[in-house]
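One chain, chain A, links the two complexes that follow: it is found with chain B in the first and with chain C in the second.
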Partner chain A sequence: MLVRKRFLAMGAGLAITGLALSGCAGAGSTSSAAKSVTLTLATVNNPQMKDMEQLKGSFEKDNPGVKVNFVQMEEGDLRAAVTADVASGAGQYDVVTVGAYEVPQWGAQGWLTDLTDNLKADKSYDVGDILQPVRDALSSGGKQYAVPFYGESSILMYNKEMFAKAGLTMSDHPTWQEVAAAAKVLNTPEHAGICLRGKPGWGDLFAPLTTVVQTFGGAWYDENWKAQVNAPPFVEGVQFYVDLLKAAGEKDPVSNSFTECLNQLQSGKVAMWYDASVAASILEDPKTSAVAGKMGYVHAPVYKTKESGWLWSWNLAVPKTSKNADAAVKFVKWATSKDYQQLVGKTLGWTRVPPGARTSTYSIPEYKTAAAAFAPITLDVMNSVNPKQPGLNPQPWVGIQYVTIPEFQDVGNQVAQLVADAIAGRTTVKEALDKGQVIAQAAGDKQKK
Partner chain B sequence: MRKTRGTLITTLTWFLVALFFFPIGWMVFTSLKSEGDAASIPPKFLATLNFDQYAIVFDRGMGSYLMNSFTASIGSTLLVLLLAIPAAYALSIRPIKSVKDVLFFFISTRFLPAAASILPVFFILKALGALDNITALGLLYAAMNLPIAVWMMRSFYNEVPMEIVEAAQVDGASLRVELTRVVLPILLPGIAAVALICFIFSWNEYFLATLLTTFQARTTPPFLASFVDGRGQFLAVLSAASTLAVLPVIIAGWVAQKQLVRGLAMGAVK
Partner chain C sequence: MTTTLEKTFSPPRKPRVAVTPALRKKGRQARALVLPALIFSIVITQIPFLVTIYFSLLNWNQLRPSEIKFAWFDNYKVVFTGPDFLPSLISTVIITGSSVVLSLLLGLFFAILLDRKFFGQGLARTLMITPFLVMPAAAALIWKWSLLDVNVGMINFALKLFGVPAVAWNTDFPVLTIIMMLTWQYTPFMMLILLAGLQSQSREVLEAASVDGAGPWRTFQFMTLPHLRQYIEIATLLGSIMLLQAFDPIAIMTKGTGGSKTLSYLLYERAFIGLDVGQAAAFGVVTVVVTIAVASIALRTLFKVFIDGGER
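What follows is the complex of A and B.
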């Protein structure tokens, strides 16, 4: 009995001592004794973020005593980890990479530091240089809660050689009907006419599909949060997308998202691709792309609206719970400054400057030369889109390919699965969207309360 | 006839081995390609091979993530063995009252999905200041694996001939001597099997590691996922990181192969 008690006590003691000891040596973000600050930054693993990690030494050199640790995560993991941390007030992260979808919601919840006054007061930062549609998307109640690290819209990319061979031309502002007609001509046993995302997910399939729906006159909700998922314009847009994929799309579209379509375009397996504008910089890299110099880029295809591109940005924000808010804000401003863009260009190459965040980026002579194939259209499209009203009718949220309510991730994922079933031929578009209407309405009803 | 049958079985065995090995072989092959070649359609079999992707993985600091995985996996496995060996003894060789109830209690702790308990765990660790702490993660892994280990160990104990245990007791062996000098040597293959399974479960654990660690205690699985790039190509570098991540498990399995086969044959798969 005594032996057992001793054994238990020893085990418990060991565990607690271990916890305490490792806690002392663990993740402490500050060390007041040495007056040093360690910032922990949670981010996605996009190329621009990897470049930031590579260059962080420059910030650390200019700010002695400040060290920045990068925690790179897969996009879904980042959302889960940062949401848990910020919502619980755990304060593990000093800087977080947040998508445009979350920023206004988290800002309104009081989870993020309000940067408005700080940014305005710093003349050298020049907050007015940030693209206005992006600033609109990152604000809530007139307050700016994050700054864009890089931004993107959606454009149509096409293989000029394939078009020339087929005797086709592409206009700068094509309609979806023109694109569908060209895709059918270009659809051969060697290559598909067009690659469009079909992988279920609000950020996968429904990113391009929502823009198609909007230009067909549809929307997720009307001004009073009444779901519009089985309304005629929404159905017409989705039906068009599904029919186009069936007639001239890539093989097995429900398996494909950004990376898969990128690979197929680079391998000459598709003639056109409608997706994120940032893809152009990858396609034009002669080291990795077999189609560099052979591609053309035009505005997102339209039907009833003048523009139809989406708007997305990865942004840097400082959680309210950060114990090193001053240093964190300083880092955020450094990483989104004009000087940082110069640093990237001079150190890593001008095509690697983060696009879609600042207007002045597109005036840098070296960048204009290096990114001549895609820079002008990226700026043009990003300034043309309207996140306040992307479709034909007014909407009660700011955002294009998403609805800024917490329920949208779940709604978008579920409806995307239903539409993917329609793409795979397991159901009809009408049946899928009738079910989707019920799912969307349940979320819409919560906004009315 | 018998020879033909033997040849057929051998051929089938090799076919199955090749089938199981193919994904691993393909992963290693992909890890030696460039990103462009790894993503090409159809796949390139005559690509230029090099170790560039491995250099990228080590530049990202994989060593510290591997070290954290080793610490959590080995630490939790040792703790599990320390607790499971005597616990299973009390449920088999010298059974306590209500053995079935105790066994059910052990396994019932596995009924609740980790996702359902993550928030309370998160808040408890936050209150203890033990978020991003490798010891806390190791303790959670030990708690996670202990029920399975107790069940497995009990089935191994049941295989021990009671005559040997009784003979030791007749000779006046104490509980400690009976356990350490008589029973444990017979159980070694079973212990090896339990240890390897606990090690693998801890090594591969993803969900808790992603949500409960940030930088200091980050383990290999979330590090691997961080190579998934939403806006670019990542197959080659992810394959390189994955190849390095599976090596310890393969080596551990290889080293313990002989004991494992005996251990699994002892009754672990009952």
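What follows is the complex of A and C.
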């Protein structure tokens, strides 16, 4: 009630202030030739982005007059803030981190600056070096709307010491049944068997869970946009996930997503973790991780499919509404250039180079040595996943752990909340997914039109 | 007794003054002076509300900007026939209601303790107020990571000392988690208002009561509590208004699971995750109407308990 009123009132207030300020700026800009620009960058609070913030001084030094202001948010909040800003044309941000899910949709809507020509014209940037599958995911109608800052798939990470102590081994391509059996053995009062995301949100809980569902033979929609959420394979996949969490998962799963699981793994509170491959580079950093050198990395566990990793990239894009587009594009290119990777390697350490974006990253000698534990598998998995058909059956969209329709974040979120209730035991998986089916079908119907 | 006192000391009625031109001018002047403030408050509160009502009649999903059109009451149909509104209303009542009652009781308790003179009273008072001064988002993060974390949280550490296994708060008790945090945050607020009430109580009346042979409990029941009535009312009213808007702990800790999806969080979800401006506006309008209705009925019935013989 009052929230809404206050929100609107604030909006009106801001609009008026904005008008007044833009009026001032218009008058001022004619007189001052050497303009100073402040770029506002909205980004997820992942460690790689924090590294970027730490190194922004180098960009500011090379581009006098340009200041970069970082606004860091949690994944879900960022998505909401950026979507609202871009969709309403408020123009609050000059550079935004956009997930692979939104780039093609927003590009097609005309919300993002087309970067195709600018990137091709710049020989030193070498756009052809960017991984082809990732580039495809970021294009719509042959135009590239964003550049990947880092790309990732999902892998299974395990603590080799704990495995050795328990007398267990891990195969390179484990099945979910093997993983569940191992997790139950490794689940002790000191550490949990496996950490799996349970925080409600389509980008949190449903990123790993969708890949589990797919390898169990399920999918969000069939070829005709009929929702499949309470179909047997979907239910079986979710039931497996929930059971595994109950039997051998971390405590309080609803609190946990990427960052929380990472913390627990770093402090040796869990034995295994199925999550983004990019985590490996953080776990292998001896400065912050207590388990560096003790970890093993294998392909995502499977059941009925051959490969089950997801494909994701965090990308930098410039909204059409940005008032400093030139400087913004410059920054985007700087942060995704080969030079930036060298800068990260030399100042912060070679394990912290953003992975999964450029092929050349994997031929930097220092990186190959420093990231020997996880670089080969990352490249291998990213090349073997198939975003066109990740599950058993064909699907009418390109994407693995998400559906590229505007309604999906809403659907995924609501169904994730229902599944969280099932994780806590307040409802059964079937009941939760029956409700989810109705929500998913409503969104599916909109695609049929 | 109070009634007689009031009657004796009530000021004499003002004689009716004839309206002279000078007085009329004065009135016009006064109104002119108030006008800017009045216009300002209308602009920033009522116009946005009217705009919200207009939005609520639109079919407007931000992700489909080409399909904006007038949809009459479609959004209200979704509100009343969809599965979201009623559970959310119930959650709001449970979370707001219990947090207000609990923080009021605790606030009263601490106010009575702090009303006494003791060494370090000022320090104790400042420390007691602190939770209310912490930003809600920061407080929610402190609760999530430092207090409730299942591995390193202080509450679970304390429970372990008593042999109780660690509790997965957000997973198993989302509603309780939110109520706990809100109570923690709003107890100081209630305490401050009630403390002001206690300190305005005349010592002579209390002395007289003790001379008449009333024990501490009877003094509290028959003297202090009636005296505090107005303070309790205002604390409840302000507390309810503020707690109805509680958002941060839900967004940071439970994400609306397990019955913790209050109306304010639902609104946020419809507007910023569903990106459905029309629907969010309809939810907003209905929420305002329901809140006003519930608040006025609840406040009236609730305070009949305190009102002696229908007199205020």
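Just so we're on the same page, the second predicted complex is superposed on the first by the 398 of 449 C-alpha atoms of A that agree within 3 Å, B and C clash if a C-alpha of one lies under 4 Å from a C-alpha of the other, contacts with A are read in each partner's own complex, and residues count from 1 in each chain.
The rule we apply is simple: contacts are C-beta pairs under 8 Å (C-beta built on N, C-alpha and C of every residue); 3 or more make two chains touch, one makes a residue touch a chain.
In this text the structure is predicted, and so the values were computed from the model without any measurement.
**Q** If you stack the two complexes on chain A, which partner ends up touching A:Gln417: first (chain B), second (chain C), both, or neither?
**A** second
**Q** Looking at the overlay, does A:Thr259 come into contact with chain B only (first), chain C only (second), both, or neither?
**A** After superposition on chain A, A:Thr259 lies in contact with chain B alone.
**Q** Tell me which partner A:Lys435 touches in the superposition: chain B (first), chain C (second), both or neither.
**A** The answer is second: A:Lys435 touches chain C but not chain B.
**Q** Tell me the contact category for A:Gly198 with respect to chain B and chain C: first, second, both or neither.
**A** second
**Q** Is A:Ala84 in contact with chain B, with chain C, with both, or with neither (first, second, both, neither)?
**A** In the superposition, A:Ala84 touches chain B and chain C alike.
**Q** Between chain B (first) and chain C (second), which does A:Ala247 come into contact with in this model arrangement: first, second, both, or neither?
**A** After superposition on chain A, A:Ala247 lies in contact with neither partner.
**Q** According to the stated criteria, A:Lys269 is in contact with first (chain B), second (chain C), both, or neither; which is it?
**A** both
**Q** May I ask you to decide whether A:Ala372 touches chain B, chain C, both, or neither, giving the answer as first, second, both or neither?
**A** neither
**Q** Where on chain A do chain B and chain C both make contact?
**A** 11, 77, 80-81, 84, 88, 264, 267, 269
**Q** So in the complex, which bits of chain A are touching chain B?
**A** For this pair, the touching residues of chain A are 11, 15, 18-19, 21-23, 26-27, 40, 42, 44-47, 69, 71-75, 77, 80-81, 84-85, 88, 90, 92-93, 258-259, 262-264, 266-267, 269, 276, 278-279, 282, 287-290.
**Q** Residues of chain B touching chain A in their complex?
**A** 34-36, 39-41, 60, 82-83, 119, 122-123, 126, 128-136, 139, 210-211, 214-218, 222, 225-234
**Q** Taking the complex as given, what residues does chain A use to touch chain C?
**A** 1-5, 8-9, 11-13, 76-77, 80-81, 83-84, 87-88, 105, 109, 198-201, 250-255, 264, 267, 269, 406-407, 409-410, 413, 417, 420-421, 423-426, 435
**Q** Tell me, which parts of chain C touch chain A in their complex?
**A** Residue positions touching the partner: 43-45, 47-49, 51-52, 61-65, 83, 144, 148-151, 166, 168-172, 174, 241, 244-245, 247, 251, 253-258, 261, 263-264, 267-269, 271-276, 280-281, 284, 287-288, 291-292.
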